[in-house]
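I have placed the structure first, in the form of structure tokens, so that the comments after it can refer back to it.
By written order: A, B, C, D, E and F. Residues from 1 in each chain.
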Amino acid sequence: MYDSHFPILVVVIPMLVSFVVPLVGMWNKKLPFYMATTAMIASLATSIGILVQVLQHGPISYRLAGWAPPWGIEYYIDHLNAFMTVLVCFISVLITIYSQKSITQERPDKEVHFYCILLLLFTGLLGMLVTGDMFNIYVFLEISSLSAYALIAIGDEKAHFATYKYIIIGTIGACFYLLGVGYLYIATGSLNIHDLSTLLPPLYGSKVIVVSSIFFILGLGIKMGLFPLHTWLPGAYTHAPSAVSAYIAPLMSKVAAYVFIRVLFTVFDIRFSFETLPIMEILGWVAAVAIIFGSIVAISQSDIKMMLAYSSISQIGYIVLGLTMGNREGFIGSVLHILNHAFMKACLFAIVGAIIYRHGTRTIERFGNLHRTMPWTSAAFAVAALSMIGLPPTAGFFSKWYLVLGAISAGKWAFVVIIMISSLLNAVYFFRVIEHVFWKPRSGGIDLPIERNEAPKSMLIPILVLAIGILALGFASHWIIEMVIGQTTPAGIL
Amino acid sequence: MENIFGHANYFIYIMLMMIGLYGMMAKKNLVKKLVGMNIFQWSLILFFVSIGAKDGGTIPIVEGAHGHGHGADLLIQASHYVNPLPHVLMLTAIVVGVGTTGVALAVLLNLYKKYKTLDEDEIIGKL
Amino acid sequence: MIQEQESIVIKTVARLLVPFIQLFALYVIMHGHSSPGGGFQGGVILAASFILFAVAYGLDEMKRRFSIKALTVLTSVGVFLYAGIGLLCLLLGENFLDYGVLPVIEPRGMGMLGIEIGVGITVMAALISIFHDLLDFE
Amino acid sequence: MIWQLDLILLVFIVACAIGALVVKDLLGSVILLAAFSLLMCLLWIEMGAVDVAFTEASVGAGITTVFFVIAVFKTERRSKD
Amino acid sequence: MEIIHSIRPLLAILVSLAAAVLILFFGKHRNIREFWTLAAGVVKFGLVLSLLPMVLDGKAPVTEILTLADGVSLKLRVDPLGLFFALIASSLWIITSIYSIGYMRGLNEHAQTRYYFSFALCLSATIGVAMSANILTFFIFYEMLTLATYPLVIHKETPEALKAGRKYLAYTLTAGVFLLAALVATYSFAGTLEFTPGGILKGTADHPTLRLLFVAFIIGIGVKAGIMPLHSWLPTAMIAPTPVSALLHAVAVVKSGVFGCLRVLWFVFGTGLLSDLGVWIWLAGFAAFTIIVGSLVALAQDNLKKRLAFSTISQLSYIVLGGALLSESAMLGSTMHLVNHAFMKITLFFCAGAIYVNAHKTKISELNGIGRRMPYTMAAFTVGAMGMAGLPPVAGFISKWYLCIGALQAEEMLFLVVLLASSVLNAAYFFPIVFRAFFRKPEPGAGEDALPSGEASLFMVIPLCISAVVSIALFFAPNVPLHFLELAKTVVRQVLQGG
Amino acid sequence: MKFLYLALSVATGGLLIFGALDMPVWGDPNSPANSHVSPHYIEQSFHETEVPNMVTAVLADYRSYDTLGETTVVFTAAICCLFLLRRFRKEDGA
């Protein structure tokens, strides 16, 4: 009956629940977790409903407050946002279930408000995804950023400084985004994405438009963690509580990447992004440097969370690289990599969290014999790591396949070489960890008796679901591309 | 020349933004960074509001509305009033700004409690 | 940190001013429709009145009058009121926040008033809460 | 709009902004920030943006300053730059 | 070729995957665990064998599992060359399994469950490599093979073993990346990745690009095939347990590399395109260089397994050389050498393992007089050595004969000389071992304990005798056991017709 | 280092000024920003919502969802400060 309201329900359900959580938390500390999980599952169900509707009937437009766009705010959901929404909801549900034990151990005093803020973060991410209004994106971007700041700040002893850095840089990013919106507004007088896309083409020569596009790229680049604007990212991912890293690392930068795609391919069209300015050419090389830089720095890390953070920088490079190729294969590779990388990073950070939960260490050198104490977790780690390297038949292989295909179709052989080098570098640092996990004895206590000490079920099950998901996504990749991602290709891309 | 004069206001707003941005990045004191952040955000807001400015426009509240009950017969001309949309957007942006400042100050107090200093370099030294 | 002030002048002026500030704040919230102001500005002024009270009489006195739990509840209630009105519109068969369907006279105006009150409550409670947290932090 | 008034306000605003960043006393810096915000309100009223000006007066010059002052009192007043 | 849909190719792969899971599950009970290994080996061999009549009838059993990309699916197809390789792999798995039981129990190795698990995975991947219908499927199984072999290489978990593992991964993963790039480029040019006799690339791009592509393919596959500048992981990987070395060198990894080489040469590029491009001569040159240098280096090795490793490097290049010469007999010889070398080399490795388990000797200089104590083992070793040198009545003679004729057909006398010289070198590094074992007295200072009192356990002796016997049988009747010669001839006919 | 930051902010400002050169003259009533969407708000909001203050009409009706987001930001900020600063004792809320 309410299926026409799904687009708003998906955002409003977690929002409303988050308002209630602090009240409920006053008399029961355990309930907020269940409320958060339920709300996220409801959102997941709704988002699946949206995806089904979009697949059947094409894009959905929903008028908030009943006003027609461009006067009112419009929710506009096509294949790309519907797909991203399902992805965000799915990972959120898993990581929320996962976070229960972890947060109870790490910060037992802050449990109640943790779930409230987690729901707000979730709301912010979803709000950015479904909306069709440039300024609305900014508002929800700020909701998600504020909650992310708070969540990161309760991490380890260095977390506060990392958060402060993140706040400063993140605010610059958000303000740059807002400047971009302002310049567009001056030139066109509209804020609605689809209105803008029809108003803009005659104005492409204008300096205002050019500058606005540059500020969008800078602002969203900061929010994504695109090299060289990534400086906040390693600290924030590393020092956050493990459940928060597992939530933020796969999702925040992906949603920013979605907005990036939206701006470059829907608001501005292909013609502008590729012909009017050499933005894409430059971005491609920036992304290439990001890929290599992230991988090389990751190799030299001894803290596994730091290593994963730098690997994220490199993977963001992949996503941007695919977009700059300007052909269908590259675009599909990018979107597929958003999906795959979200799964892989969620899985890896969740595993690291489980290791911290049981062994209290995140130094790679101290991971010896982990496969005896935590066999399932180690197996999941192996799967996720192989996927990061891009070995078949895991999911990571297929995004790499499309990226390489895109680079070859675009005739950019240098990018092929860079992707090849980067996957070798990935192999170097992931196999280093695998070696420690599987073959090295634990340094220090050699005579310690080795007994099974697997992570608790509520942490293990999300990890295993993600690991199986990585394998399943590999086999289902063509199906997913045919059903969903193939439809997201923006007009003008061959 | 006309081009420059017609845009002089914009240039000053942009200069303010630069001051704020510089303060945010270059100042080592954490409070100063926040001061820079506020200057940056408020000049951004100033810039936005000035988009809506209109020569000959007045404040966006309908004149004489009270006498007319439902006011269906009231003729309102767009050129009489300044553009209300940037104002609305900037109300939101101000709120966002104060929210960010609040959270940043909360983190800052935590930092001071731990390191007993507000200087970025000293904190990095103590990490 | 903020202690009760010694100066009788400050205390008296504060005591005299606070009700008027609050009255003005309510006026600002209610008359957002026809004059500058609205929920947000009114909420801020309300918060300012309590802050003034705290400055004059000390934080503990303010906490005695206005418990912290009540603040948390109000923060939630205000924004819940806003979203709730939106959801009510949805339940009544229109789009989210489409006040036209509300069963009152002048639905649009009343709907707006409702959300302005919600905003006012949240902003007041939230700002006092932040003020209190910053001040109470040890 | 009166351009003379505009100009004077803008000059003061720029002066306040630079002052807020340069002053070594953090409390002074915060107060200059409040002045910056208040002057900006005047500019907005002149542009016809009464609502924004109202909000900025209560938030920028009011609440934000209060927060800053609390923070400065709870930490330290001197700054090295 | 008539295509018939059949699930049997998929089953042949899944059997050992299922066995791997069962092995993991029954890790605590070694008898049950090893029963599953053997059972899976037998069932797999049966499945592969059941495909033989169909293929001989000119049918091609196909399993299409799912689509991976536009026009490329995860697809298995059994053509004569694939079946040829699958037969070798599955039959040798049974023998190696039996041998492993003896070896692992004899040495009381640790982590035996992991060992059998990885072993089963390896075989699964090898059969997948053999039966792949397109390069993407091939690549997937190829990388799976790389990964499954890694735990076997570092089985000892010592620092040297880890280092060897790292080296192994560095080489094979780099190769994998080259192969990936090459296959994506192929897909981009040709629009298909299906293995077709006669090739798919003809006329899809200009010659310099295709030459570059060829180089990428050869680097991608050459690492596993041990072509000479890319070989150095192989001797290092000798740190693995001997059955693993036997499997690595005789059956799974290196043979997959060589097999892939043949696939690329004949089914992706095609003979016609190769001679147009003129790249075959370079590949043949590299192979010839590897043959000679590999043999020379082998001469200098004192470690028995290392000597066998360099011998492998040299012998594999026979196959590559034959594949690159593009004449009918050379191709036939090269195909036949796949099976002949497999049986002979596995015999030799089994012998080395038996000596190690029984006498704990790894150096050739310590083997004086061992033939009297372990007569069966050393007799089998002699058979293998004769085969390597290409002497009748061992199977090696046949393939070498065809190769030499092929070199004559291709009118490349240089390669004929290389082949003959290599035979001499083979003899020069293998026969001293045989001589020492049978005719030298043990070292005077070594004492009585230095030599084993008798043969190794039956689990080890029987497999090595079987493989030695098969090596001889393949000389007398190359067609009888599993129709190897007939299959090889079909392969060559197909390729030449297609090209 | 300070020089780098100065250069960065000057570059940003230069870019912005470069863009501003093509903007409509300050206060131009016919600029796109003043003539595309906003005339509807000015001319119709009173008729459609019966609220004389256009800012309130747009804030609380046309773009009410933005305002909900804004209120949520305030709520988030409050919860975040509480989360970061308030110390919860064990018996609290137990």
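Assume contacts are C-beta pairs under 8 Å (C-beta built on N, C-alpha and C of every residue); 3 or more make two chains touch, one makes a residue touch a chain.
What you see is a predicted model; the values in this text were computed from it and never measured.
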Could you work out which chain's C-alpha centre is the most distant one from the centre of chain C?
E
If you tally contacting C-beta pairs, which comes out ahead, C-F or A-E? Let me know.
C-F
Chain separated most widely from chain D, comparing mean CA positions:
E
Round to the nearest whole Å and give the separation of the Cα centres of chain C and chain E.
79
Rounded Å distance, chain B centre to chain F centre (Cα mean)
8
Suppose each chain is reduced to the average of its Cα coordinates; what separation in Å results between chain C and chain D?
24
Any chance you could list the residues of chain C touching two or more other chains?
34-36, 38, 40, 72, 75-76, 79, 83, 86, 96-97, 99, 123, 127, 130, 133-134, 137-138
Which chain A residues reach two or more other chains?
15, 19, 22, 26, 64-65, 135, 139, 142, 146, 149-150, 153, 179, 185-186, 191
Quick one: which residues in chain D touch 2 or more of the other chains?
1, 50-51, 55, 59, 63, 67, 70-71, 74
Can you list the chain C residues touching chain A in their complex?
69, 72-73, 75-76, 79-80, 83-84, 86-87, 90, 94-100
Residues on chain A engaged by chain C in the complex (per definition of touch)
2, 5, 8-9, 12, 15-16, 19-20, 22-23, 26, 62-66
For chain A, which residues are in contact with chain E within the complex?
386, 389, 391-393, 397-398, 400-402, 404-405, 408-409, 416, 420, 423-424, 427, 431, 435, 438-440, 475, 477-479
Seen from chain A, its contact residues with chain F in the complex are 15, 19, 22, 25-29, 64-65, 67, 70-73, 109-110, 112-114, 116-117, 120, 123, 127, 133, 135-136, 139-140, 142-143, 146-147, 149-150, 153-154, 179, 183, 185-191, 199, 206-208, 210-212, 214-215
The answer for chain B against chain C in the complex is residues 59, 61, 65-66, 91, 95, 102, 105-106, 109, 113
